Amino acid sequence: MSKRKPLRIGMIGYGFMGRAHSNAYNRVNNFFDLEYEPVLQAVCARDEAKAKAFADTWGYASVETDWRKLIERKDIDAVDICVPNNLHHDMAIAAAKAGKMILCEKPLSMNTAEGQEMVDAVEKAGVRNTVWYNYRRVPAVSLAKQLIDEGRLGRIFHYRANFLQDWTISADLPQGGAGLWRIDAKAAGSGVTGDLLAHCIDTALWLNGPIKTVTAMTETFIKERKHTESGKVEPVGIDDACAFLCRFANGSLAIFESTRYARGHKALYTFEINGADASIAWDLHDLHRLSYFDHRDDSIVRGWRSVHVTDGDMPYMDRWWVPGLQIGYEHSFVHQVADFLDGLGKNKPTSPTFREALETQKVCDAVLASAKSGRWVDVG
Amino acid sequence: MSKRKPLRIGMIGYGFMGRAHSNAYNRVNNFFDLEYEPVLQAVCARDEAKAKAFADTWGYASVETDWRKLIERKDIDAVDICVPNNLHHDMAIAAAKAGKMILCEKPLSMNTAEGQEMVDAVEKAGVRNTVWYNYRRVPAVSLAKQLIDEGRLGRIFHYRANFLQDWTISADLPQGGAGLWRIDAKAAGSGVTGDLLAHCIDTALWLNGPIKTVTAMTETFIKERKHTESGKVEPVGIDDACAFLCRFANGSLAIFESTRYARGHKALYTFEINGADASIAWDLHDLHRLSYFDHRDDSIVRGWRSVHVTDGDMPYMDRWWVPGLQIGYEHSFVHQVADFLDGLGKNKPTSPTFREALETQKVCDAVLASAKSGRWVDVG
Amino acid sequence: MSKRKPLRIGMIGYGFMGRAHSNAYNRVNNFFDLEYEPVLQAVCARDEAKAKAFADTWGYASVETDWRKLIERKDIDAVDICVPNNLHHDMAIAAAKAGKMILCEKPLSMNTAEGQEMVDAVEKAGVRNTVWYNYRRVPAVSLAKQLIDEGRLGRIFHYRANFLQDWTISADLPQGGAGLWRIDAKAAGSGVTGDLLAHCIDTALWLNGPIKTVTAMTETFIKERKHTESGKVEPVGIDDACAFLCRFANGSLAIFESTRYARGHKALYTFEINGADASIAWDLHDLHRLSYFDHRDDSIVRGWRSVHVTDGDMPYMDRWWVPGLQIGYEHSFVHQVADFLDGLGKNKPTSPTFREALETQKVCDAVLASAKSGRWVDVG
Amino acid sequence: MSKRKPLRIGMIGYGFMGRAHSNAYNRVNNFFDLEYEPVLQAVCARDEAKAKAFADTWGYASVETDWRKLIERKDIDAVDICVPNNLHHDMAIAAAKAGKMILCEKPLSMNTAEGQEMVDAVEKAGVRNTVWYNYRRVPAVSLAKQLIDEGRLGRIFHYRANFLQDWTISADLPQGGAGLWRIDAKAAGSGVTGDLLAHCIDTALWLNGPIKTVTAMTETFIKERKHTESGKVEPVGIDDACAFLCRFANGSLAIFESTRYARGHKALYTFEINGADASIAWDLHDLHRLSYFDHRDDSIVRGWRSVHVTDGDMPYMDRWWVPGLQIGYEHSFVHQVADFLDGLGKNKPTSPTFREALETQKVCDAVLASAKSGRWVDVG
């Protein structure tokens, strides 16, 4: 029988992210040696049948249909918020008031104002909090961070990141409803900016420091779509595509782009960083590889190295299989849970906290404001 | 509470493969909708402390230190054999006699003679059986099978496969012991032939039909290594490298090569098949991709396609995430368990059975015989 | 003895581009069946010894040290301007007045105003003219144009292009002088904008139509460098890096970036175009390949195709070797000469003419103006 | 006027290789600073009209229709043999007797016996001689040689090479005639063995030393084809595919394969060498790149490097363009001419000489003998 301490999870939501998080809770102790162990105490969904089915599949001990009740339950230590963006704010503040730890899906909030209130709430309540910017914990991305922290790149000149998808090109796709709330501005707040660029920005702030100023453009290619709730054709309020230029505090220049209209790319998050001494590049479609170029190599054998990030001396990889055997997307969530549990034992915050995630929100807000005004907008 | 029927597993072994299988048992019902559910009933290891630690990590309900006892237990439905090759034969025959289902690690046996007795035993006992040639169930490999079965490739001219590693190049590496029994001929039977080429051959027989005749060469680059058991330097009995040419029954030609001395390759299993109309290629270092070339494409846009095997209409992928988000090595085991449980409900064998895996053994034996004799050897 | 008609070339300049053009003149009739044949009549350089050495290497029949004399020579049909950007304007106008055909290196001019005068001069004089935007005639790029013209991509949503180099990162590199005039604003006009982005813009206008409006940023990372002429440290006047967002007249969005500070990239010109039905991508480091994705492919075998542009049915490739055998950078110049000679025989202009190249100049000017003002600037 | 000494070339043949060589002669002095300069004195073909057309295109001063006359001409210094394999022997021996230098297309001869007579003839006559195994002089391949000679790879364990094509899959393709003599055993001697594997073997002997012993298989997939000369369907005498295993004198193992039935590969010559410390790989479809893996790199950033072989410190590349701008297939011939002319000035042989190329012939003969006998055959 396990001697690990339980961390009793209350999950709100049961969609794609609900599955990814539940899987991470279930698996983490098989691979990481930790003081704590997640216990799947309850899942909450408005539709009881769906909540029960989800509970059965994933092993949640009970279900709730009212998220406020779940938050109030004494037998819940941590609340996991896995619902559309427009619900994060109220749930997080309520959970903070109830003294629960919070693991909140990204983006933190609909906007900076909401996010600030959420930060204030968790800090006032003194509850542990983190936001699921999971890509930080893809081993190749963590390795990029390590290489930068070791100073291997030298002075940074350039950062560029894309997040390209192609799943909304059809005009027949409706907005709203399961899986499609991301196209509904009321639920999502923004389009690719909050959904996809937020990931790019979170990683960039982590790897390259603060962004000072931005200029952006957005576009909505398909102006009207049937809404699944009203059944009527309604204007589309989200940005289908967004690109921006920016300057980082460290003097480097950057370009960011995201779209759901890049035919041929399913979920191609890419970034590249160019330093005076070395460069690194990564993409999500082959997430187990890191590209690395080191100018200090002998010139006749100098070239981009394709590093297969599967060896035991690479971040997180001593927990998995053997060199050459790759892990996948879902493992980034396992790593975040592992770090959260580890931080719990050591009383250390688990990055990104709400406060850190608020910085991403500020950049998103500046980007959207710039796209509207056509001017450079300072972040902050 | 789950209404799924239990399949009570007794696991023998606790190494790398013990982890991979246990993980698969734990995860399968979170992702696949099945009538049956594995229950981790007992794990067996000679060292009780290690067995208990493994049981604690993975959730096995009990431990055994004598495999014969585990096999005799009434509360075990299926025995999973995850130990060095020299133990497969006796365990499998005992398990068959005890009426247990058997999931046996590959290769099936030390040689064809042993394997034939194992086949006879399971068939006489009428127990369900399968061998963990897991790469068949990497979605990209399953997709290759589907494309071939659909006739897309046309007449097959060529098959080529490699399994390249580089982990035994150091002469300081001992033979024998945990993780290193693969270098010990007494435990492993052969070197790369049974360890790595067996995978290549299993896939090839599945995709391209029977092999008729082979000519082979083997080499042991490092002739002596310290043995961890005796503490003495002893001759190395395994093949460090093996390559063979062969002819398939369908008239195609093939080359196979495996080594643990290919610097730069960690676990690079690759295969390529050339047909009159189309070709396919795959490798384990980017296992989520399939390369496909179709000669029927318009000539000016004809080229190798890199298919990112992550969409819901690709084998097994409707169970996982969304397009663009890759799975990894371990999922092949989950798929094999899912198919085993599915076959159990439907009373269908789960490929490869012992009988099917025996064919791989026969090719391995022919390869080793040819390497010794310097002659072409017919498989059979 | 050849029956081809001579086209007597007077070359001004003897640097990198002088070599590339001379090579093209020498080779074109070995591979293309044309009515005309270039004759290397004279090369002009201020330094007579260098002019003679160049003439000897390339086979020019005579030398000049005063470009005005070269232009006035009766035995010259066409003037090739291969000198720093600040000299294009005067030479081109003089050549037009002398009734010579003109082949001018890119960019056309220091700015739009100069360029407009050059266009007016050649059009008033009625002389044939072209600008060496050679990348249009890399076969893979020409193939991209063909695919777009055939309508294979459908509605265009996105265009992105980069031109990344890393050769000026060292602060020890001086400005001015042979090979280094590109760092000297007096000779070059701008930095990467006119040198590298001009290529990207030319291709983009050709493939995707007019650009309407831009917002840009530029940076000079190293503010002072020794000038080779004065021998003193002087301010650097060029842009080391430039990025811009823009909107095309066809409604598509684009990002462009160029820098000489992207460690690891020597001359990496890349572009990608995303249409509703298909996408294409290309890069200069593997210029003989075109990447193509067609959404109409069967979904289970859909992926980016790597098209090796070496077959006889691909643009220009019936003139070279056999499928699989690649050509290189220099061939783009041969193709431009071939098209120029072909146009001469058929009395058709050879794209890009000065007038077409002026459009690129207008975009460059808008980009630099936007970088200065921080506002969106319409191209005009 | 050039002060270079003339080397008067007499070319026999006007096909694909005639073009490649003529191009090399025409270009070499534009890029290499040499004491000698090829002069295209005469081209010989049985069909006078074709000879004249070729002479006009390439600038040969005269034509011959009888190769014996060409060889006897006093104004010819060197004979270039660019005709089907069955004619090499007689021409080379006649040229040697006439005291001409000889540049002979590969393979040297139809078999070892013929080749030995050719070696004896040139050595007796004391005439300079070389065989056009051009791939040695692709800069990436020359760089591989340099890295090996510097000892960077350490002890060599493995060599593998493929030459894959797909142009003879159609059964409608006839044998014999222009471009198709390679399918006609009377003209070609063998199929892929002499045509394609000869290249692989030449490179391998150069990079990895002598081959001791081989075992091979061959296949003719299409047994009968119409012959263009007889107009009748005749048995096909060549090998469509050939694969062999071998052992090098240095103790390394190798596999070689060639075919014209590998759908999707136009001219994919690949090789890879694995040493204890480093590995290298190359392929002809991206001939300007060399893959290099160095185990001595820091483990967390260790990976295959893709070296873009275009910098001035790489073999031959100081003569061409600038870093990042690739050369192509044809440049390998220019390099061979440059080395031949350089050797002429310095009185050094130009590798591979007839004697060196004979070693390749011996391996080919052993391969074909093994394919027939089914036994290992020693080279020799």
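A, B, C and D label the chains in the order they appear, each numbered from 1.
Rule of thumb we're sticking to: a residue touches a chain if its C-beta (ideal position, glycine included) is under 8 Å from a C-beta of that chain, and two chains touch if they have at least 3 such contacts.
Computed from a prediction, not measured in an experiment: that's the story for all the values here.
A.B. asks: Just grab the chain with the largest centre-to-centre distance to chain B, centres being mean Cα coordinates.
C.D. replies: Using the mean of the C-alpha atoms as each chain's centre, the farthest one from chain B is C.
A.B. asks: If I rank C-D and B-C by number of C-beta contact pairs, which comes first?
C.D. replies: Comparing C-D with B-C, the pair joined by more C-beta contacts is C-D.
A.B. asks: Which whole number of Å gives the spacing of the CA centres of chain B and chain C?
C.D. replies: Here the centre of chain C sits 55 Å away from the centre of chain B.
A.B. asks: State, to the nearest whole Å, the distance from the C-alpha centre of chain B to the C-alpha centre of chain D.
C.D. replies: So the centre of chain B lies 42 Å away from the centre of chain D.
A.B. asks: Would you mind pulling out the distance in Å between where the CA atoms of chain C average out and where those of chain D do?
C.D. replies: 36
A.B. asks: Mind pulling the chain C residues that touch 2 or more other chains?
C.D. replies: Residues 289, 304, 308, 311 of chain C each touch two or more of the other chains.
A.B. asks: Give the list of chain D residues in touch with chain B in this complex.
C.D. replies: 157-158, 160, 162, 164, 166, 169, 215-217, 219, 221, 241, 243-245, 247, 251, 253, 255, 257, 259, 261-264, 274-279, 293, 295, 304, 374-376
A.B. asks: For chain D, which residues are in contact with chain A within the complex?
C.D. replies: On the chain D side, the touching residues are 143, 146-147, 152, 289-290, 292, 294, 297, 299-308, 311, 313-314.
A.B. asks: Which residues, counting only chain A, touch chain B once they are in their complex?
C.D. replies: Residues 1-2, 16, 19-20, 22-23, 26-27, 29-30, 56-59, 165, 167, 265-268, 284-289, 308, 310-311, 320-331 of chain A touch chain B in their complex.
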